[in-house]
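The next part holds the structures, each set out as structure tokens.
The two complexes that follow have chain A in common; it is paired with chain B in the first and with chain C in the second.
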Partner chain A sequence: MTLELHLLTKTYPGAVRPTVRDLSLTVPRGGVTALLGPSGAGKTTVMRMVAGLLAPDTGDIRLDDRSLLPLPPERRGVVMVFQNAPLFPHLTLAENVGFGLRMRGLPSAEIHDRVGAMLERVQLSGLGSRRPHQLSGGQQQRGALARALVLKPRLLLLDEPLSNLDAALREEMRGLIRALQRETGITTLVVTHDQSEAIVLADRVALLLDGRLAQEAEPDEIFARPASVAVARFIGGVNFLPGRCVQGAFECALGRLPLPSDASEGPGTLTIRPEALRLGPGPDARVGQVLERTFLGSQTRLTIVLAGQRLEALVAPDTARHFAPGDPIQVSLPVDALWVIPDAAG
Partner chain B sequence: MLAPALLVLGGLFLTGLGLSLLRSFRYIPALGLTDPDLGAYAAVLTAPGFLTSLGLSLWIATASTLIASTLALGAALLLRQTFTGRAIISFLFQINLTIPHVVGAVGILYLVSQSGSFARLAHAGGLIGAPSEFPPLTHDPFAIGIILTYVWKEVPFIGLILLASLQSIRPEHEAAARSLGANRWQVFRHVLLPLLMPALAAASALVFAFAFGAYEIPLILGAHAPEALPVAAWRSFTAIDLATRPQAHAMAIVIALIGAVLLALYARVALRKGGRDAV
Partner chain C sequence: MRSNHWQIIGAALLALALILPMVPLAIWSLAHGWRFPDLLPRAWSLKAWDYALSAPSGVLQSLWITIWIALATTALAALVGVPAGRALGLHDFRGKRLVLLLMIAPALIPAIAIAPGLHGVFLRLGLTGGTGGVILAHLIPTLPYMVLIMAAVFARFDTVHEDQARSLGAAPWQVWRHVTLPAIAPGLLTACLFAFLVSWSQYLLTLAVGSGRVQTLPLLLYSFAAAGRNDVTGAIALIYILPGVLVVALTARQVTGRHPALMAGP
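Now for the complex of A and B:
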């Protein structure tokens, strides 16, 4: 099933600005698209509109070219897995997983079989008679996923599916979601504020900023080629140099930097991800000064001043140990890591 | 921290109950009764009007509780919605919590008795030939006036408890149920109602116990015969003949016992039903 959102707009009563503005997006059949954005960007509002729990002010939502708007939530074939309320507290796990099947009036024997098979698939066999409070957070999330997938929905909506889990469980759950999605081929839309979650879970990422679609692309493209400074900042970009593209090079405070061949002419902002900066001697190395060194665990952040411009580099702690604040440092900006955002893109 | 409160409450309650129990066994030294026996119980349980009075009391308590619970549930579900004027309606909904039962009973008497406002209005409007043709809603065999008073008074009580309970239910549960294919009725039936059942059972059990055991409203609005069990107990207790005093205590103990047993059964059935019916 292909999901198409066409110019969706939603303003909540009393709000001065729309929460979602003119959002158009296509979620390809059988794929996983992550709706990524900060809190308040309108992600969950989009999900609720698709699920039928909220009506858009304008626009259309189409599933395989048929509008969902006239249909109530229970007849859309769209199942949403919620972030905060995974399972009904008054039902056992098996009753939870069988809830949707029972609402559809399926025979008890079929419900029993399908629930059993699904519980086995999500590795919860033997726990069917437990109530949610007797399950761990990870088991509850898997139960909620099973409750949705057992219905074989046309479209699956996952609202921050990993946000309440600790690091180890997140990894396990990510793997399970990916595996189940591949097995079933159900078109899936995932809402998340976590870039790493979006990258791992999704084939495509739609970045929502301030209610608008800021960029929609494959995850690596968003990281390598952000469409705007706002997008670059959201995905962790910190190095921005204003300047101008002239004949295949970028003229800025650092001088004339050669660019990849597809850079367009005109004023813009050059960006390079902090992990792409190369430190140490090199043919194009420039000399700057270390301003600050911050240990972040698996990486260390070095704040460097280069020709009056402040840049940040993320390097391995072993490498960073050689540089202390005030030390001179040689920095290279690899051509293939440079990306220019035209000024018109903001 | 709780000890002083428990001491006062427990002390007063248990002392009162103990004294009543002793007197129900015909042990009242002041009256010269010093050999306890079950005579008062035998007299109460074999009295000709006992079963009728018990039936009337059960009818009043059951009907009041069912009607009040149903209306309160509907009101709570409406009041949790956001709409213009909600604050005013919510205030009006709660206002009669502050009015005593007896005042409410007198109000009902003035409104719905055959000499009350509704009867006179119906007569003035030409709906009935005389106020006395107005259907008897007070001092009537079906205890309609009594039930009306309890419903009027207890709907906001149960409603407030249900509203508080509704606020603790995450709205995502209802949304998830819709998304899983439940229509509005199924969401209510299989998600909201079971989640509300503990609060509903507790609140309606309190109302049942009160309506079964209280005498004031049946005394004001009830028929002379049959009379509700607590009214019969009160009449025995206040009779000039002190020899009926042990029977009054025996009747009070019987009311307390029946109430406690029914409450325990009701709570058990309601809670179990809530869980089992969920799917």
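Now for the complex of A and C:
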């Protein structure tokens, strides 16, 4: 089932600006798209509109070429799993998982079988008669996922499915979501504010900034070729050099930097990810000065001044040990790590 | 351990204070004359009970009317109070405090202050002298309890459960039946108990609006008391107390909230 959002706009009553503006997005059949953005970007609003819990002001939501807008939430074949996915506390785990099937009026024998199979699939067999408060956080989360998947929805919406889980549980949940999604092939839209969550869960990432679609691409594409400075900043970009593309090279404070062949001409901003900077002697190395060294755990951040420009590099702590603040340092900017954002893109 | 002893003694004293006033009623209802300075009646009889339970006394008829009025009042109060409580508990809006104040007002203002005016209004509307008018009048003191309790209940209700149910395929009435109602049931039961008992104990409003033609139990009780029929008064009083005691005894477990509910927070 292909999900298409077409020019969706939503302004809440009393709000000055629309929360979601002219959003168009396609989630391919059987694919997983992550709707990524900072909190307040309108992600959950989009989800609620797709789920049918909120009506858009304008625009259309189509699933396999049929508009969902005339349908109430319970008839859309779209199931949303809410953040923290609370199970209904007054029902047992099995009753929770069977809730949607019961609402559809299925015979209890069939409900029993499908719930049993689903519980087994999410490794909760034998816990069916427990109440939610007798389950661990991870078990509740798996139960909530089972409660949605047992319905075999045409479209699955996951709202921050990994938030509020500790590191080990996140890993487990992530694996389970990916595995179940592959098995069932259910078209899935995941909302998250966490870029690492988006990358590991999704085939494609749609970045929502300020209610607008800022970029939609495969995860590595967004990292390597951000469409705007705002996108680059959101995904952790820190190095920006204003300048101009002229004949395959970028002219800026650092001089003429050769670019990959597909760069477009004109004024732009050069960006390079902090982990792509190379330190130490090299054929194109320039000499700068270490300004600051910050130990971050698995990596160390070096702040460097090069030709009056501040650059940040993320390197292994072992490498960083050789550079103290005030030391001269040789820096190279690998050509294939450079990316120029045309100024028109903002 | 010590504090436990004191708690038991305290509870016993409280129970005694609640039960003692009923003892003379019970004695009166079984006495065949009871004169000063006798500590107990010299002769006992079931005469008062025979009379109270017979048709001419009108006690049973009054009992049914009182029950019917209290039930209808409770149902109407819930019908209005649940949505109102939901709005007050879940949403913030301009003038909310004023609305709350107006809601509490009937519980603060003595009925005697409004009874004459109410009688005038109901008279003009042709609502006096019937159970319908009495039920409407009883809504005045019962609604505050219903609305305020339900507002507190909904303030702790997490509507994400309703959205989740909806997305899992529940139609609006199914959400209400399978998610919202189970969540608010303990609170709703408490509110209904209050409403029932407040209506049950109305005297003045029933008198003013019923114009004496709607004989609820408290009205009948008062007329027998005023006529000096202590034996019958005792019997009616015990009948009058019974539903309240029964209702509380039967539902005490739910009211104390030992029931998991769809509540957020502590």
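Definition applied: the second predicted complex is superposed on the first by the 344 of 346 C-alpha atoms of A that agree within 3 Å, B and C clash if a C-alpha of one lies under 4 Å from a C-alpha of the other, contacts with A are read in each partner's own complex, and residues count from 1 in each chain.
The criterion applied here is as follows: a contact is a pair of C-beta atoms (placed from the backbone, for glycine too) under 8 Å apart; a residue touches a chain by one contact, two chains touch by 3 or more.
The shown structure was predicted, so the numbers you read here are calculated from the model rather than taken from an experiment.
On the shared subunit chain A, the superposed partners chain B and chain C overlap sterically. Applying the stated contact rule after C-alpha superposition, one finds that A:G98 touches chain B and leaves chain C untouched.
Look at A:V79: by the touch rule set out above, it reaches both chain B and chain C.
Of the two partner chains, both chain B and chain C are touched by A:P89. In the superposition on chain A, A:H133 makes contact with chain C only, not with chain B.
Touch criterion not met for A:P267: it reaches neither chain B nor chain C. Judged by the touch definition given at the top, the superposed model places A:L53 against both chain B and chain C. Counting contacts by the rule stated earlier, residues 48, 51-53, 72-74, 78-82, 85, 88-90, 99-100, 103-104, 147-148, 151, 157 of chain A appear in both its interface with chain B and its interface with chain C. Within the complex, the chain A residues that touch chain C are 48, 51-53, 72-74, 78-82, 85-86, 88-90, 99-100, 103-104, 131, 133, 147-148, 151, 157. Chain C makes touch with chain A in their complex at residues 158, 160-161, 163-171, 174, 178-179, 182-183, 260-263. Residues 48, 51-53, 72-74, 78-85, 88-91, 95, 98-100, 102-104, 147-148, 151, 157 of chain A are the ones touching chain B in the complex. For chain B in complex with chain A, the residues that touch the partner chain are 170, 172-173, 175-183, 186, 190-191, 194-195, 274-275, 278-279.
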